[in-house]
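Both complexes shown next keep chain A, but they swap its partner, so chain B is in the first and chain C is in the second.
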Partner chain A sequence: MLRVTALRMAKSTTLTLPALAGCRIALALATDLYDTLKHNHQLASPLTSYLNLQEGVFLFKNGVNPYSGGVFRHSPILLSLFTTVIPTSRRLASILWTLSDIAGAWALVQLWRARQRAPQTSRDGLVAAAYLLNPYLFLPTLALSSSTFENTLTLLSLMFAAQGNASLALVSAAILLHLSLPSILLSAPLILLLSSSNGPLSQLASPRAFTPNDKKWIALLGEYVAYAVFLSVISTLVSGGLSWIPQTWGANITLPDLTPNVGVWWYFFTEMFDHFRPFFLMVFSVHLIIYVAPLCIKFQYDPLYAAFVLLGVLGTFKAYPTMADIGLFASMFAVFPELFPYLRHPIVTILLHLHAALLMPLFHHLWLSQGTANANFFYATTLVFACANGAALTDCIWAGLRIAIGAPEEGFSVVQE
Partner chain B sequence: MNPKCRRLWFSLFLPLAVLSLHNEVFDEQLNIRSLPDGKVASRFSFTTVLVGASPPTPQNHSSQDDPRHYSLFPLALGQILHEYAVTEMHLTLNAGKWNYDHWGYPDEDGVGTGAELWAWMGDGAVSTVDERWRGLRNALAGLFCASLGSLDELRTTSPTMMFAPGALSNRTSTHSLRHASLPSEHVCTENLTPFLKLLPCKSLSGIATLLNPHRLFDADWHGMGLHVSWLPQQGVQVKLTFQTISDPLRPQSSSRDWSFASVFERTIQRSCPVATSSQIVVALPFGVPYTINPQPSLVDQGHAIFDVVQSGPLDVSLHWPSGFQYSTTRLAETTFSVRRTLKGYTQDNGQLSVLLRNDEDSPVNIAYLETMPWIIQLYLHTLTLEVDGVSRNDLLQNITYIPPVPHSRATLFQIVLQIPSRSTLKLTMDITKAFLRYTEHPPDAQRGWDLPPAVFVRLDGRPQRRIYAPALLVDLATPDFSMPYNVIIFTCSLIAFIFGSVFNYLTRRFIVLPVPS
Partner chain C sequence: MDRIRTRLRAIFRPEGDQSLLRLQRRRKLVSALTQRVDLIKWSFFLVGYLWMLALPSQQLGRGIYIDENALQPGQVNTYWNWGDVAAADRYLEQLEGLRDANASSHLRASTLAAEFMKLGIPASTQNYRFSSSVGTVEGTNAYAIISSPRTSGTEAMVISASWVSRIDEANGALNLRGVSTVLALAGFLKKYSLWAKDIVFVVSDGHMDGMQAWLNAYHGRTQSNLEADELELTSGVIWTALNIDYPGHSFSHLGIFHEGINGRLPNQDLLNSLTWIARWTVPVIIYDHLETPRLQIPSWMPNSLRDEIRTYDYRSRNVLRHVKHQARGRGSGVHGLFHQFRIDAFTMFALPATGPHGFHALGHIIESTLRTTNNLLERLHASIFFYILTASEHFLKIGSYLPSAIMISVAMMFSGLKVWSDSAWVMSSDEKGSTWIQRRRPVLPVLVIMFSTHILGCSVFALTKTSWFINNLKTSSAIILALCGTLPLSALFVPKQNPHTVAPMSQLLKALNLCFASTVISITTVVNFSLAATLAILLGIPLTVSLSSSLLPLRLGQYGAYLSLALGWLSAQEEIRSALWDWQILGVWFAPFVCIVYTPLVLQAAIACLLPV
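On to the complex of A and B.
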């Protein structure tokens, strides 16, 4: 009897992913929201917008170096793909982006299974749904923002690392690095994950010191650098020079385009005094890097968790974030259900998110289209959004550490020294 | 000094002056024509030729640092030309929108709204072309009291096809072009005063007497120009021009009669003594009765010519006995017309739309140039060409595109198009508007930015005329200018708060405490 139920459950979960995938493809085919969403600054940043990608492809095909000017900031890898292999037809692109999301959901399910060390679980469908039905993720996909590919590659590299497939994990991470420079921070927990003896298994409840295998992580780092350099050489050959570096990677550091987004950089550097700009650009970039070592040291026994928390840091603080970045962080919560009892203020976090998610498009419209609001309105909602992300981030860290103490007992409370 | 005495001094020194000035020639001319819509177009032109002089180049620049001795040639300008080794230069300062449909082609091509400066300079000097270009525009800004210093790298382009050098055509390989325009420049009397100072007779005598600022800046359209070019057979020529479109119908709506006294509120009292020639050319009406006063010294091909040197005090007037009937018919000579608009109501994107109409029975080839500051990003892949609602991308023949660089370089977009006979071609292209740093906005930020006029040239027509589309105004999103400190404080506090919380959790140990009951 029990086996039958388990079998039925397994069947239902194996069907969930294809069913959800089918829904998503139907959504992509039935609705053509691209024209409504293409200028939406919350869904696509200047670095990921499909409009800019099309422009770059057009310039490249017409013999103008797309990296000689200001608008095209996509990686030469995407440029070469879209000029040769993939035609830039809207319908096809829409399907391609959805397929990328489906691959991401599949990778997330695999990651969950690897963490549970089970070939199939009853929560598979839920994990897939958490990714495919997350509006923070499917709206950027409908807007054809290339952050969809970044998310898929992030999940693929984590999945391959969790499965112990070092080469594929590092290749995905190197491609991801070319698509988005801040993802270089993820390489640390990724290499830790590959060289750790526990793999992706949940160790949060039973922390123990990490015994480093010197030789292995150096070799892994070398491999990662080798792939990245190889892709850089390819990129240089494709674009006919090194001008792609300041245009793609450099933009993450120098912030040439101050188009509003959901992050905290754009208005800060719009209002920044000219003589302080380089200093604060340095501060904001270093601020991102500063999280890597402490998180990797503290969560050395569970590097997948360190990667998850770092994704939250990137989604909150990177130079050109989109909704998709924080959507990935939100969807990955599904992989760590053991945390849920230990979260301190999930309702507050969710309400803050709801507040920001509703007001952001509204104030954006009031400021730029309606003209009845000003920039401060939208800025205020991005601050709320950052607060919501910060609340989620700190709650994750609290819960990830608190879980080691065990279930709360009557008459005792857990505090920090 | 009383007038008699002055006349005596003149008669004593004039022959001497003329003797020493045998290599400088000054000519002045005023062209006046009545337009079909009742307005009067006048063009003043003052030409000084330095006979036999070669254009300043970087090569002869260093060897010729001797003081310049000019009598008629404006010294202030000559020094600038030599300092920056400028071979050819054109500066125009215009106000208003030239109406090609009703006024026809202007006597001087450069009628783009605001300030426009372009110069051809030789390569190979110690200082680069860009350094000299910066010096030139700052020097001219000082000379003309205009904000030409704002014609900086953000607005400078090099559209060599549209702005070909006059006599340098075989030398373009050794010379470079720099072009910039500033449509928001307002032209007024402070620019006219330095303009008059460059004339040998100032506005004291000759045709320049008529340059009365009260009337000129009251005109429907007015523009001044400074053109320095090198004519191989003659020498270096400086041409100062002033064009106006005045409206005699404004005071009395039924009569289009005009005279110097009514249009300029001045008459010519005496001629400029150093002018070799001084002519007033009036285009005579065709096929309608009219009277012109006084009698012209010469009538040639429908033009009445008055010689100011010969005549005494002069007040030319033209009178139509038959009143004025307004007609909306367009001039036959302008068979090509342009309408350029920026569509879209949001502050972050929009669409550039250009309507090109060809009234001829044969297709016309047009070169179209946009020199946008970087704040407007063109999306070339959205470029569409339509004739009567039918997509005709085959009419696009050639694209030259230099993409903008944020915060530094302007866009140069130039295409060659064919407009089919008797049809209107509609060109559209998506654009996005940039978000600027708060220090990059002009003082009156909510007014918007003036975009430079587009330039069109008919490639088959002779002579090649530049046609300017009116300037556009673009509305950019503005930050709150009053709160840089607040934003810095809010954002930094938030980051510090999250950073602090994270490190608080990461660095402090967890302990279990019994709760006292």
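On to the complex of A and C.
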């Protein structure tokens, strides 16, 4: 029975992505969930919300600098696109967002194929489904959160890097950097991936030292910086000044907007005395940075895996996360099936996620609509969510390292010294 | 000192390979737990169910208190007097005239509005019409607003009475004295300049429908099946509401009805204020339960035990009544509709009796309660929204009732995880002896089954919403029963797989079903504890005890038992009718919850019995 389905899947695999894409477009057209989801704090943060984007576009069109207030925190690139090329009709927007998701799914499938070094596999359809049917991803898309674009760009840059197309990978990464500052941390595994001799192939089972090619990675880094600087210059020209920097990038570090989100920062900083703020802002920001080097060193033989784990870290600990960030991490599991037999507690992680995913909207409703609960309830569930992500991360790191030791044998166990 | 240190060291950090010791320690702990997992599971079940039984006990919970200092209940002189009582009597005569003349809703409402206007209070009426598959309801509400003399009227409090009383499940007895109290209060309250909030008087038509239409219009919410006039007069944000229900000609006790729709409760401070204010004049009870002993307690029992039994008997009635109102999400009266707009409200029910109280006592208490809510500087907000009133002066905090349902859900989670981890291993015996071998656990087909049962639930719900379903309740329930009963039988034709390489689907389905049911229960506890407790009773042990067997009769028998648990509600036709009415008119999500969550969960357990072992 299963084998039959597998065979059928292999035949229909070329059709799965278009079919799912068609379903998604139909969903976007048939249901208009935007109005019910637009104020949902789990799906869009102040940095990615479509409401704020519309506000900024309106201000800009009326000759007011959108970055002079405290509302608009989108990149000038999005501002220029939405004021000129892309009309701000809702119907079109929902199609555009869905198309972005489809591009992301396509990139994920390409990434999977590149990792398998196969032009086509039987799991392609499953990988596409893991991205297109993931509620953590399609709900933010229906809410028109710009985190959808961030995910697509992340996947595109990883895909181009996996295919060895350095310039396109770095251009996507530079655009991504403009949409979301924390993605700068991803540049490390990305450059490692571009300069590694194995590319995206799974090396988890046979770790070996990475021989750095100084010239190459410095050139790649230079290229990345050049693109980023070029885009910054364009942004400055578009917005007519440097005021976009503190409003967009700066917001990730100074946390000016304490609107609740699924992350762990907002509540902590609402409770904090003002004179401790700078110190803890520094601690929280540095905390994100400290993961980069250890992950890149430990997984130097498989930089794609390091990027995957780092995406999980960012989705859990960055300043303004949405469901989409952790959704990307969850969907990327599909690219690493070699991991599954070595995960220690997948069902516990999934159940934690299930609890968090159901409790978050519930407590959000109890707190802000029904008025019977308070902020602590919602914060407690974001902590459950963070624990679920933490459990997934530690399990991933364990499994990623454990593969190298080989299949478990009767009478032996593996311990970490 | 050193000796103690070395001894401690020997215990906590013995000599030898630390990793090995840690490994052994972990092994020991894990095996100690896994060997006792059944014991743990059943003791969780036992403690959970016993805890539920203990909820009405005197030993749990505590006496009520006022948390919000601004309220200051009972600190004022009241001025309601016999003159006002006489006014109420005259209004009553007029209303009785309307009743005897069989006046239409519209005439009634315009007469009431005219009476308000005679008092110099701006008043108006509102026509409404609800259409649903169960039938259409229409009527006319009358309302009036006294503007606050002291503030700009950004906040308001509501005094309301519905035309139909809640007595006998609102089957048509009129709330004439409640309405005349509202009218007399309007004339009385207008004379005082101390109101810091607008006072809105609403006489709603029907029982629940009128107030739903009025509240929707007041808050500008549209409902697709409601045609209602817009309100001509509006006021500020409503913080509190009192609903008066006085169906008899005199009363002996004031009963508090507080459950709102969808399980929402009002802030307890509001109820406590009434209890506090009324305690020297009228005894306050909850619901219409009088503390009359029902049991003959044998005389040999010691007094303390006798007292415990008597209070347990009384409080258990209250708790069961609470569960009855809250679990179905219906709320216990008109006040329940206010809760959806974040307004704290309750119904004062004047328990019909031959005496001794009447308009005089009621007016005093309402006046004082209004003065109390008038003191509020912000919305009632302290977190005493989670409670169970076991008596008017005794309640259970969240910590003393929530764990009972949570424990059962934890026990279900443990059983699910045990089945899950057991399914990974199979004993294989050959000539060398028997060994445990690991096997695959394909989750995807199981998830597809679970998902399709929920889709089936959605389609059942879509079917129940049609008017055809309501009009032919007998045939349509038979069709639903046949549909849900035969579709899962296709599970019998799923081919059996080699149990040495692949875990049987029945086991995996049971594991995931238990885990999911446990999640649903523990999450529901915070929104609607009564519903969660009911689910814990209905699902807890039944989902856990299913036997996996290869005997076809046993499998079919279990399937039948689960099917009747899943679709037993089809036999309660009146219940279905009112649940559907509640969903369509008031937005109570009990009906969709049963169809989309509860029935599929039990169906999954039923399918697990049919799948090959």
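The rule is simple: the second predicted complex is superposed on the first by the 406 of 417 C-alpha atoms of A that agree within 3 Å, B and C clash if a C-alpha of one lies under 4 Å from a C-alpha of the other, contacts with A are read in each partner's own complex, and residues count from 1 in each chain.
The definition used in the following text is that a contact is a pair of C-beta atoms (placed from the backbone, for glycine too) under 8 Å apart; a residue touches a chain by one contact, two chains touch by 3 or more.
All values reported here derive from a predicted model rather than from experimental measurement.
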Partner chain in contact with A:415 - chain B first, chain C second, else both or neither: both
Which superposed partner A:355 touches (first chain B, second chain C, both, neither): second
First (chain B), second (chain C), both or neither touched by A:168: neither
Which superposed partner A:253 touches (first chain B, second chain C, both, neither): neither
Contacts of A:347 with chain B and chain C, given as first, second, both or neither: second
Partner chain in contact with A:371 - chain B first, chain C second, else both or neither: both
Which superposed partner A:221 touches (first chain B, second chain C, both, neither): neither
Chain B versus chain C, judged by how many residues of chain A each one touches: B
Residues of chain A at both interfaces, chain B in one complex, chain C in the other: 369, 371, 374, 413, 415, 417
Residues on chain B engaged by chain A in the complex (per definition of touch): 345-349, 374, 377, 379-381, 399, 401-407, 409, 411, 430, 432, 434-439, 477-480, 483-484, 487-488, 490-491, 494-495, 497-499, 501-515, 517
Residues of chain C defined as touching chain A within the complex: 19, 22-23, 264-265, 339, 342, 379, 381, 383, 385-386, 413, 417, 420, 442, 445, 494-495, 497, 502, 515-516, 519, 522-523, 526-527
Residues of chain A that touch chain B when the two form their complex: 39, 41, 51, 54-55, 57-59, 62, 64, 66, 68-71, 256-260, 264, 266-274, 287, 290-291, 294-295, 298, 316-317, 367-369, 371, 374-376, 379, 383, 386-387, 390, 393-394, 397-398, 401-402, 404-405, 411-417
Residue ranges of chain A in contact with chain C within the complex: 1-2, 347, 351, 354-355, 358-359, 362-363, 366, 369-374, 377, 413, 415, 417
